[in-house]
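The data blocks that follow each hold one structure.
Below are two complexes that have chain A in common, paired first with chain B and then with chain C.
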Partner chain A sequence: MPEKKNNHKFINWVTAVNKKYAIGIPLILLVVSTVIFFSLQTNIFEPGTISRLTNSNFRTWLPVLLLTMGQGLVLIGGGLDLSNGSIVSVGNVVLALYITSADEPWHNLAIVALVIAFGLAAGFLNGFLTVYLGLQPVIVTFATSFIYAGLALLLLPTPGGAIPRDYTNFYRNTQYLGVPFSLLLLFFLLLLWGIFRHRKYGRFLYAVGGNPKAAYTTGVPVTWVKISTYVLSGLLASFGAISYSLLTGSGFSGSGADMMLPSITGAIIGGISFSGGSGSLVGAVFGGIILGNIRRIISIARIDSWAVTLVNALVIVFALAAPGAINLLRRKK
Partner chain B sequence: MENISLKTTEIQKRFGGVRALINGTIEVRSGEVLALVGSNGSGKSTLAKIITGVLAHDDGHIIYRDEPVQFPNPMVAQKAGIMAVYQDLSLVPSLTVAENIWLANEPLTNMGFLNSRMMISKTNEYLALFENTFQATLHPEAYVSTLPPDEKQIVEILKAVSRDPNVIIFDEATASLDSNQVNCLFNLIKKLKQEDKALVFISHRMDEIFRIADRAVVLRNGITVGDAIISETSEEAIVKMMIGSETIFENGITTFIDTRDAELALVLDNVENSRLSGVSFSVKKGELVGIGGLRGQGQSTLLHTLFGNLPYDGQINLFGQPIQFKHPKDAMRENIAFIPGDRAAEGLLLIRSILENFHLPSWRKYAKPFLNIKKAKTDAKKVSDQLSLVMESLESPVSNLSGGNAQKVVIGKWLLRNPRLLLLDDPTKGVDVGTKAEFYHLLRELTNAGTTILFFTSDDQELLDLCPRVLVMQDGRIKADLSGERLTETNLVSASMGAHETEKKQEVLEHA
Partner chain C sequence: MNETDVTKNITNNNKKHVKISPPLIAMLLAMLLFLLSGLLPAGYSTLQGAIRQGLNILRLASFIAIIGAGQTLVIISGGEGIDLSAGPIVTVGALLTYMIINGQNSLILPVLLLVIATGAVIGLFNGLGITYLKISPFVMTLGMAGVVQGALILWTKGYYDGRVAPIMTQLAARDLIWGIPGMIFIWILIGILMTLLLERTRYGKQLFAIGVNRVAARLSGVKVKRMVVFTYVLAGAMAAFSGFLLVGYTQNAGPNLGNQYLFPSIIAVAIGGTQMSGGKGSYFGTIAGAIVIQLISSLLTTMQLPQALQQIIYGSLLVLILIIYGREKSLRS
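So, the complex of A and B:
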């Protein structure tokens, strides 16, 4: 009998953890998709294969994963950022145009700082328009995404520019203790998230997303918390631009256009809801990795690439339809 | 006497064209419980929200501890030591009990991290104040979304108290509590009083005011009309202050046809759902029955239920036939019309023309097989004349109309269908006096023509002037069925406040 009780306790604990961090299903999906991906590799048992694949996967996914984290923050705070992809485009174009050879580190650092500053400013503009002027985040960020995308096109009408090999090689091949640089950066950012999650800022973020009016009456600085999510999303998008440029080594004004949709889908798969106030960035990163695995599996299985977009779109439709469907079922009852 | 902790003078507040507060003047001393009394819409909650910085006032002064203050947001008011227990609660449902209680007031470790252990143990200490009055599901780590209303209210109270403020406003804090929980709250209030806090207690329940308050300030239509020391006054005296003597409408103009011998139009037997508990009454054909009581006691729910908008258990008979509506269209087929309270959201297509709005429920009637626009127009013209609608033309959009005229369009679109039963959900909100009079005239004409009307309004005066019979609701029940001589303002107000009979009051006073 006591065994049964313990078992019950364990289930309760799992349910509690799952509810608190909303991580259960994403974790299962992550494990399943990773196992499928690796089992599809023919030479999986050769030494170094797993490490090589991990490196190549994460350096490719890092830009989108960074965007997913930013999107996750905005969604938890009850907003939505459709402009993060365009911020990547601007950053990528600027880096490709103005980064010179590795002999001029100070000049290049200044360009990187400029890209980061642009990300922060663009995020602040999004936040300012949605929060201060009380406009719909979907409309605002959709509109600003065209402004940023237009700026990228203005700066670089045709693909071109180059990032010095010294830099791209560093990004592509650096490993510490067998762990690729891109994965280390992710761990570092998630650690930062964990710290802020357990400070006042984390509590405020979830309160603002859960019920902004109640949070306001309780004395939470709702305006600043909301703006901060957009600013952080812009910052992470500029990081995304830097990593994307290091990955490809060249500039293209439409580089971020394909990243916005997966950033939403990843966050949703990771347990963050459109209504805000739930989920976590750990889940969002899991969701992003799951999407990356799916993309790889689809390409290995020689299915056309439109399937990837289809998966993205279906996830969003389901996420949007779920609350309505649940209400409908309740009403029928 | 003791020093004044908080004082407001001549506070004014407008919402659009509505004057919610015209002269909000109160003063509350340290170590005192001040009751703020007034009927629906008298401005009590508005005043509370202005004091705590949730709303900004248009005019007037707040003096706190001898200094003039103006709180731009609740954060500043909280820092200054002013907290409120809000009527519409200020809880985040997706956070736990402990997280809500300590929101924006979190205990931190030296490193600046949230100290959850301390948060939980302190929450348990505060929950002990209401020991044995709630279920085991209320614990520090329970999510607020899973709690029933009374336990949410307890969390809201503890959240305010945990900040150790100097001034606490309890806005209808007892409305969803049972008697044991109220006793716990009152013990807490007594303790806070001994600690020299200044307390403002807003309640609709007279017996509670007489149990706990030291003084009472009465608001009527946004104006402070008087105050009284509780030990020197009576329930009757306070009710009289709330009512006043002025009436905007002429009295005793109720000339209705005799419905004593008419057939039964509507019979409800023990109708129940989430907000209604055992509603039974019957209405005769051509009767105009008012539904009164405080706001949110189930009046709207009752009307929505009758219109097939909400599921229910129990028996409803319409003109002798048992009915079971599953959807508003079933009710429409039986010629029932529903006029919603929130006309902008539920009743009108604001940017479309008056004509289109008129015909929305009855297009089918004109589509045989092609739309007969000409006939539709003449009918619409007839109705707009009947309503004496002030408009440019039938083609102009509804958004151009004034509030009263827009409301007429909502009624007009149903009149085209000649309803047998008309359900009105607070239709005169924000309608000017002149239009109201026309509206009353229209309702009387309709009843004379045999239409049965159920009319909910939160304005007591309107019930008295218009309806020969009034059902008073409280907590989803019909509390009183008043008509003839028994339909007086005093009876109406005391039934909706749940005021007790005289013997009971004495009992309470002896206990105190």
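So, the complex of A and C:
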């Protein structure tokens, strides 16, 4: 039966790609979900629609995608960062409170630097507590997430503040050669990671996540590599805060609360495992995009508005369960 | 601050290698805090006032401790175990009771069974996802919390109407005998049952065994997966039962009733010396921890600190407890 043989070949090819780049299944899901999303649009053949939709999707997803990258790094290193959403909240609140006019570029730049510095410091605190003091990452970052979220609420008890329109318009509408700014930034960051992935840092990271004891005995600075993942996660969370503020143009102390779980889910769909040392950042970004596509498709499907919360939560749980379920089935065979 | 004083005491004790068990420290801390609270302007001045305030604190602490009961089991079971769906499950238990019983004493027993079964089913999903699909407990239960919350919204459609049965009010909200609230008797009963479960049953022994080392437990004949699933089922059922009791006290239920108890109950478990990495702990510790956290919360409320600052203090407190008790072994040792 030639058909079956062909099928086999295809599966082999997919496993090969999956093994080499760890993005086989996420890539297929990405293509499928994107095709479904676009085919559900009514005026897809009008010129400019695709570009407009791409722009609106990616500028909305960028904050979560940035967090997903950070989460991916932490997960590969064998940790978990539950405070990244709260770091976004703090950054968003600070930006909305202190960037009020486009006439003071230096002041604004200083505030942006402050937000980035906070992200780095918060990430370092997470890393210090979990790695250096040897506390459990899950419970520690859960605790610090409370501290950061409380800080955001303290700074801005009620939603408010306004980012100048010049800035938000730049973020929302800038395109180079038809590629939106948000997508370019993603490409740039992935390219940057691609450079580091196959150098010392990347190899150390996967070694530390895969088997910290072996990495330690072969002279890998385990402590610092692990701390660096939390710092990078904090940094990317502060980028997420900046892009989120530019997207919404206002401040809200709970802005990042709904980003933490999707950031983990995206990384998991993208082929990164909870046990660390496997998966790739490209896969994580794909996972984040898949999740975004699914949410868009759901919103097009126009389900009962009382059911939206449940459906979104079920999507998250099923997405988290899928890799484990596939593994379970494979082992049974 | 009082907490830091006590922290110093604890570290001093450690230095001198004087062994005082954490639950005992928590109990002493609770007494100290209670005596200090008498010095506040809003505090008690007579012995009778002190007793009344003490009973009130105990009554409020009882809910934290009862919600913390299932949490204690899950945390002892190890593997980064934690149940974040406890908050929404409490809400579900409370709302089911509130809306179905609707003031009829005769419906108490069937509804109680329904409540416990619902909690157990949610716990079963948690347990299965964690053991067979290898989802990190924190992420699984957080995802489940979203699903439960979403299901609640779909079920109630934002409309909460009902009434608690008179017997429940009598038991949970009023004084039973000698001016002691009925809740405290229920709490004592639960405390005895929990301690017997942990100390005197095969389940308890196996729970500590899997908490210390799952591989060793499996090799010595413990069915680890079944134990973990059962523990989450038990935790879900207990959380739902806490909701049943809680609504008897509050007489009113809303969509976020349980969530405000989640973080305090986790801190209570931590203060009571139950190791966050599992394998060590007691329900007596959780009782003591619940009293401590209720006293701190009352103290913060009388000081009229904003909610945000309370949140920061809770988060910092948890980090502090973790630093004192919860160190994992570093790679070097």
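The rule is simple: the second predicted complex is superposed on the first by the 288 of 333 C-alpha atoms of A that agree within 3 Å, B and C clash if a C-alpha of one lies under 4 Å from a C-alpha of the other, contacts with A are read in each partner's own complex, and residues count from 1 in each chain.
Just so it is clear, a contact is a pair of C-beta atoms (placed from the backbone, for glycine too) under 8 Å apart; a residue touches a chain by one contact, two chains touch by 3 or more.
Only a predicted model underlies this, so the values are computations on that prediction, with no experimental measurement involved.
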### Message
With both complexes overlaid on chain A, does A:211 touch chain B (first), chain C (second), both or neither?
### Response
first
### Message
Quick one: is A:310 in contact with chain B, with chain C, with both, or with neither? Answer first, second, both or neither.
### Response
second
### Task
Tell me which partner A:277 touches in the superposition: chain B (first), chain C (second), both or neither.
first
### Message
According to the stated criteria, A:200 is in contact with first (chain B), second (chain C), both, or neither; which is it?
### Response
first
### Message
Going by the contact rule set out at the top, does A:144 touch chain B (first), chain C (second), both, or neither?
### Response
second
### Task
Please name the chain, chain B or chain C, that touches the greater number of residues in chain A.
C
### Task
Mind working out whether A:80 is in touch with chain B, chain C, both or neither, as first, second, both or neither?
second
### Message
Taking the superposition on A as described, I'd like to know which of chain B and chain C A:154 touches: first, second, both or neither.
### Response
second
### Query
After lining up the shared chain so the two structures overlap, which partner does A:136 touch, if you call chain B first and chain C second: first, second, both or neither?
second
### Message
One more residue to check, A:264. First (chain B), second (chain C), both or neither?
### Response
second
### Query
Looking at chain A, which of its residues have contacts with both chain B and chain C?
213, 216
### Task
Please give the residue numbers of chain B that touch chain A in the complex, ascending.
52, 54, 73-75, 78-79, 86, 89-95, 99, 103-106, 108, 112-114, 143, 159
### Query
If you look only at chain C, which of its residues touch chain A in the complex?
80, 82, 129, 132-140, 142-144, 146-147, 149-151, 153-154, 157-158, 263, 270, 276-277, 306-312, 314-316, 318-319, 322-323, 326-331
### Parts of chain A lying in touch with chain C, wherever the complex brings them together
80, 82, 129, 133-136, 138-140, 142-147, 149-154, 157, 212-213, 216, 222, 253, 261, 264-265, 273-275, 304, 306-314, 316-317, 320-321, 323-325, 327-328
### Message
For a test of understanding, state which residues of chain A touch chain B in their complex under the given definition.
### Response
19, 195, 198-200, 202-204, 206-207, 209-211, 213-221, 277-278
